[in-house]
Amino acid sequence: MMKFSPPADMKEGVHRLNVRVYFEDTDAGGIVYHANYLRFAERGRSEALRAMGVAHAAMMSEQGRMFVVRRANLDYQRPARLDDELTIETRTKELGAARLVLAQAIKRGAETLVEIELHLACVDVVSARPVRLPAEMRLALAWMMRSD
Amino acid sequence: MMKFSPPADMKEGVHRLNVRVYFEDTDAGGIVYHANYLRFAERGRSEALRAMGVAHAAMMSEQGRMFVVRRANLDYQRPARLDDELTIETRTKELGAARLVLAQAIKRGAETLVEIELHLACVDVVSARPVRLPAEMRLALAWMMRSD
Amino acid sequence: MMKFSPPADMKEGVHRLNVRVYFEDTDAGGIVYHANYLRFAERGRSEALRAMGVAHAAMMSEQGRMFVVRRANLDYQRPARLDDELTIETRTKELGAARLVLAQAIKRGAETLVEIELHLACVDVVSARPVRLPAEMRLALAWMMRSD
Amino acid sequence: MMKFSPPADMKEGVHRLNVRVYFEDTDAGGIVYHANYLRFAERGRSEALRAMGVAHAAMMSEQGRMFVVRRANLDYQRPARLDDELTIETRTKELGAARLVLAQAIKRGAETLVEIELHLACVDVVSARPVRLPAEMRLALAWMMRSD
């Protein structure tokens, strides 16, 4: 069987994931439905974290921690359309003990379509209280920031 | 505060819930995306169960049971469009100890748009093994079948 | 047949729509998926516009105009969960010739769960260029702001 | 810029596309929401068609034709979970002048999770009436069936 390897890439502190636009992503206006860029952004940062050795399911079951979104600011500049090939760029912008700010961009070739700033908190799965980011993730994220 | 009361109705063994089509439900073909009729159907049967005194969250946390979908057959006859007012009809078709077959229809006025047959199993939340339907739900569903 | 009438209300410049949380809205974290609050917000403002006599589909087909989202700022304060009854509040915050800023809130009873500021532009369906808001909508929105 | 190339493959009449399960795909039951397998299946067949030289957006704008789903039968055997790597298999089962039956399977490694039979009709974008499949697509699909 083929080993899964999403069309992703990381260099100079920027993680890039390529996604395609399907009917599921569009709406009757003929463009990508505005909420769905948040879905694309989640795919991008999930693969960025995975590239650093962190998978969500394992983080939840083994460490009892997960990320929750505290704030999302989306700046829509140009619409994406059916069959477009998009690139999701993910950068670490700020790094706290229990929080993380990411700068993400949805691009089509060189064009920026949507810019997203995302504030995440690391919380305990049961109590929902803030907890420290896993140490190895902090190291990886700090490295990602320096090389930016 | 307003008390929530969805535009629903039940008589002669048929539960009816009204929903509106928004941009979120449509795709670039200008019609409702085919997978989204399953979302409408879930809203209809959730409210049908609630009308019988069964809420999913309580069933999971208090009884450790939930429903999973085993089979879904969808017959698409006419497309729904943006701003349409739809009615979700839900009937009990078969009732077993740990399983349930529902006949659902998505209608626009008198027109049937999509017919859905749905096979559900009641399972233990932890083990995912089949377990008996809650007794009070069986009674309510049996009553619903008889009056059909 | 039952006439559709969503559980909505408007007074003192605030439109309120009630929605229920179903499985479709949640994720494996046990809470509503963060992107889905934008879907709830769209339902709220679609019904607010409809209460002013404006339906999206008619606006597109008869006037060749539609709204596109230019900016969305989401502040997530508390998570919503399966079976929750939520109220979507919609207020007009700013009103331009071809643009509109809405302040929306997702509440559970008196608790605010998510606050959303949404910038919309009215555009030509074909050219995607900004066009003036329909006159009757401007009047209705201006009235809504004054009474706030 | 990286050229997009989804993790896909075709041999012996079976097209395979790999996808990852993200939070967006799951629900509060901790598993993939049942409607979302239809989204995965659409990704699989969109890439299968693209591998034959057919893109949906071009088919709509240049030929005025699109596919609509007439029937979908889903057999859910095992649930997929967060972070799972899935393979979407797509086979041509029947081929008519204006219609197409596909057999699709969602697999995790060697395990089949969901089997989907999908009936598609090729319709005119404006009139929604059935029209013949594009000739080159019929040839490609016929070839795909023979080699199965």
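Each chain gets a letter, A, B, C and D, in the order it is written, and its residues are counted from 1.
The working rule: a contact is a pair of C-beta atoms (placed from the backbone, for glycine too) under 8 Å apart; a residue touches a chain by one contact, two chains touch by 3 or more.
Everything quoted here is computed from the prediction, not taken from an experiment.
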For subunit A and subunit D, chains touching each: B, C
Chain pair with the higher count of C-beta pairs in contact (C-D, B-C): B-C
Centre-to-centre distance between subunit D and subunit C (centres being mean Cα positions), rounded to whole Å: 33
Geometric centre distance via CA averages, subunit C-subunit B, whole Å: 26
Numbers and ranges of subunit B residues touching at least 2 other chains: 23-24, 28-29, 31, 35, 39, 42, 57, 60, 81-82
Touching residues on subunit C, where the partner in the complex is subunit A: 28-29, 31, 34-36, 38-39, 42, 57, 60, 66, 68-76, 79, 125, 128
Complex contact set, residues of subunit C against subunit D: 23-24, 26-31, 33, 35, 81-82
List of subunit A residues in touch with subunit D within their complex: 1-2, 4-7, 9, 16, 18, 20, 22-24, 39, 42-43, 46-47, 55-58, 60, 81-83, 85, 87, 109-110
